[in-house]
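Across the two complexes that follow, subunit A remains constant while its partner is subunit B and subsequently subunit C.
For the complex of A and B:
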């Protein structure tokens, strides 16, 4: 005979629910509330209606940051969806020494984003390795402004993101490729399908759900980029602050004794809305394809 | 029915908590209430918070506090020392949580927002002898536009000194012992270094900041501290000079996104010939690059030297104000400051220390020369940057100055944008 008390499930779920409420739900609700106020770390907090959102519409730095985010997304999404798949196909084969390549491709993932960005900063700066090489080869009379030109700095950060992300998504694809039935490949080969046709008609349909997952992950991280741009620009956001991401702007406005918590909260919600958009779109595309 | 009841309660609780958290009540801008009464007994438990003094200065600070407790047997002092990184966040969390220590080390830009919220005691009112014992520049650093009084005891002072790599300069026919006395002279020498080195070495590797504009006579802020005013034609002319120098290749390209530390890094590596730093810069360099340190020649800053001030403020919520004020005064008195200054290259803010030969006599080493130069520069040093300028404003100004120097926009346009954005940050 078992005794069932009504509160037993609550008792079991209670700690987790409390944790979620305090550290996830409440901060999210608080962010929404703060975005309608002029809150500062010390004082302020009066209701200001849509003033913060009005300010965001007129904010030139936010417009630049959104352009940067969209460029980031448009370049990172195809590169980080396809290149890791190709890498995974390469290292999937059981060849002698293939573990070395798998490890090598994954190494940038385990390195700290800040440390990696610092190393890239040394490579790309005025007197860095790359400019030294270009000078030695006679390809550039003066150092190339990788870290001071608006677009070159952005593309350098994108390059860093792609390089660092390859190994991570490669591992996800490797596990997906392992689930594609070998018998399908064998049957296609028996039917005379070439390697390219097998890739197109067997492998890709098999990993399509994973490609959707990877695309969503890339979209979210591309729109929320921070470390790469921050470290490569030494926290300055480039000349005129034109290389700032939305997260850098949130950090700019929220820090310090006189931070604009209300406005930073409004930017956070805008970023949330912008991030959710591509996620929903990709999820819808995924369902349609399925 | 029960569900909607709970929902209403939850919404009410969330709203109440949020409004409380936001601090909807107006800042306490009232008087200091009962100031420290004359003859109030110095007793009770007080806490003092310093910034990154442990472990290097543990013995010194503990000694100062021990003697204070011996002289005031009714007082128990609790010493808190916070790490260097994240200090502003720590103070902010203490202030918003109502747990500010009784006595707390705050530079003027940290003290201003706390004073504006009525969290700090007006020590000028609490201690009528303040102006008798401390230098005016130090006290003025804790006087804020629109508010009466002074909100901290000035503790130690510092300023910038120019440092030249004599070996590098000699290589290009320049004498470090005859430093430039104006920006134009500096740029002329930068041109010499660039031409003779074939563009591989630089003299200058820092872009100007608000301090440079102030030094050029530009009024940075309105007297009431409510708006910035540095978008003047004089400021634009200064940026134009830097823009031309950048275009000519007198500055490295990375200067646009480098921070202040970038210049020191290049100097320490021996790739640029000039940097600025505090009076103890050579001592630090002797660890980082012992070969270079003996070859460095110090000279006074070009123009008005900047004044850097550290101070001790007293929390208005202190339960033992008399003891807190006495403790802040004790730690910053002439004797204790002089003892501190003998341990490291900082300079006392007390008038009585002005004649101490320790600060005005060099032992002949370049590090000691730098200390003497810094000390003698303090007399004409002033705070070049308004205390209202916070990190976000500094970032915005640096961004726009970089844009002007890159030539992508006019200097005037960049300054207009910087002023507009800083005013928005100031106003909220």
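For the complex of A and C:
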């Protein structure tokens, strides 16, 4: 007997269970229900069958958003799997002042995506620092429209995501590197293995499970991108609204007089469909790591 | 001759520091530049091809001026209210539930745990629309309570606290039981002192997450007087994009408190990293 009254555990877990029901389970069920209605942000809603899904199939903006997601993922994946590993190897060694560098490299992670996008928006503007630099070096006769071109805007947002994510994945790698056998490393060093060979034959195999974990984390977050694209495009989604992400579309339809909660819910389920694979993989990898 | 593993050559060391400095410039440089811009006077060029890095006539006037254009201090107070509710709710709710799930045996515990775990495969953005519908039916649209409430107990934090309580040696708990301690005494005197590290991590990241959040407050809030900082900054950017000094001042008001919170608590975080507690 670990406690006297049967309801004591429920008293302690009560608030969390209430939150589980009201703010997690019910919204999940309700998303499915709403996706079959024409509910509006201001209320109402009638059952309309598969109308929202039909609309999704014909929605060209959604097709653009899905293309954007795939491009986002394909570029983020290699960059954010490899660069943070190199960074982790750089700060792994216990040199004087290394804690300062580790903390400093983590700064972009703790900043809001809005803050980061505003700073970089100013750098990438037509009159911004980067265009100033390019002009001065004679590399561009006219300002490069980083923020108003359909593809350049997307690439700028991707650059921002990569820059902001470096420190986050660095810390995950750092945690893994601590577990890669130091003895193994030292043995290899004594045997005369060069630093490069040690990296290839000792470190890399040691962090392979972490690389897997990291790449799944990257995939999920690339599919969920919102703030960077929203702020860089001033909420417009770029020229012709072609630089929308799926989450931007969900936000767009969730509010205002032109909003459509039913359609936004159908888009939410679509987002779930494309993220559930990596999410399940993540849960499995997480359990294995624990 | 093979050098010892932990003694790089002086040249290697210098190269390492050079690389470290370069990465530092890339990661922290933009923030410093923004800080510098926020301190530049109206006579200094911030757009030109070669804006100076340091302000020539440093001034705090931009911080006063940004408050004239949008109620930026009200926004900061709103963000603080939202972040405080989130921190208190998560620290209390996740600790209590984490303890119950880790240390007490009760009917239905396995089912509840399974449901907590199941929510982890659901990205927040997927349920954000129906979350809005729920908040609307509670009559909380356009209120700070509506922004703060759904995240006041995050499922992930409950699971993290449960893991931390599970790591407390069972002998300690057993000894307390023999001494006739009740559940509350076991939680306060045996459990809590041993999970302080995880609780700090939960507190830091709840605060940062709530303070930085953009999408959810953007959906819930309509009235520009009730905006949180992130939404207010986006609003400022849309309306007065002509003066980067004011936007810089605004971003610093949003950014500096986070730096202070993280810097004062970062030792818990990196200790957790070295113990392998942070897995993403």
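In this section, the second predicted complex is superposed on the first by the 253 of 290 C-alpha atoms of A that agree within 3 Å, B and C clash if a C-alpha of one lies under 4 Å from a C-alpha of the other, contacts with A are read in each partner's own complex, and residues count from 1 in each chain.
What we mean here is this: a residue touches a chain if its C-beta (ideal position, glycine included) is under 8 Å from a C-beta of that chain, and two chains touch if they have at least 3 such contacts.
None of the values given here were measured: they were computed from a predicted structure.
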| item | value |
| --- | --- |
| Partner chain(s) touched by A:143 [first = subunit B, second = subunit C, both, neither] | first |
| Contact breadth on subunit A, by residue count: subunit C or subunit B | C |
| Touched partner set for A:122, first subunit B, second subunit C, both or neither | second |
| First, second, both or neither for A:234, with subunit B first and subunit C second | both |
| Shared subunit A contacts, counted only where both subunit B and subunit C touch the same residue | 26, 30, 34, 39, 41, 43, 127, 234-235, 253, 255 |
| Subunit A-facing residues of subunit C, complex | 2-6, 8, 13, 16-17, 19-20, 23-24, 26-28, 30-31, 33-34, 37, 47-51, 92-94, 96-97, 99-101, 103-107, 109, 112, 115-117, 119-123, 125-134, 136, 149-150, 152-153, 155, 158, 163, 177, 182-183, 187, 208, 211-215, 218-219, 222, 229-230, 233-234, 237-238, 244, 247-248, 250-251, 254-255, 258-259, 262-263, 266, 270, 273-274, 276-280 |
| Interface residues, subunit A side, partner subunit B - complex | 26, 29-30, 33-34, 37-46, 55, 61, 125-127, 142-143, 145, 147-148, 153, 233-242, 252-253, 255-260 |
| Complex interface listing, subunit A residues touching subunit C | 2-4, 6, 8-10, 12-13, 15-17, 19-20, 22-28, 30-31, 34, 39, 41, 43, 87, 90-91, 93-95, 99, 101-108, 110-115, 118-123, 127-129, 132-133, 135-136, 163, 166-168, 171-172, 174-175, 178-179, 182, 185-186, 189-190, 192, 213-214, 217, 220, 224, 226-227, 230-231, 234-235, 247, 250-251, 253-255, 261, 264-265, 268-269, 271-272, 275-276, 279-280, 282-283, 286, 289-290 |
| Subunit B - residues contacting subunit A, complex | 14-15, 18-19, 21-24, 26-27, 88, 91-92, 95-96, 110, 112-114, 116-117, 119, 249, 252-254, 256-259, 262, 271, 390-392, 395-396, 398-400, 402-403, 405-406, 408-409, 414, 421, 424-425, 428 |
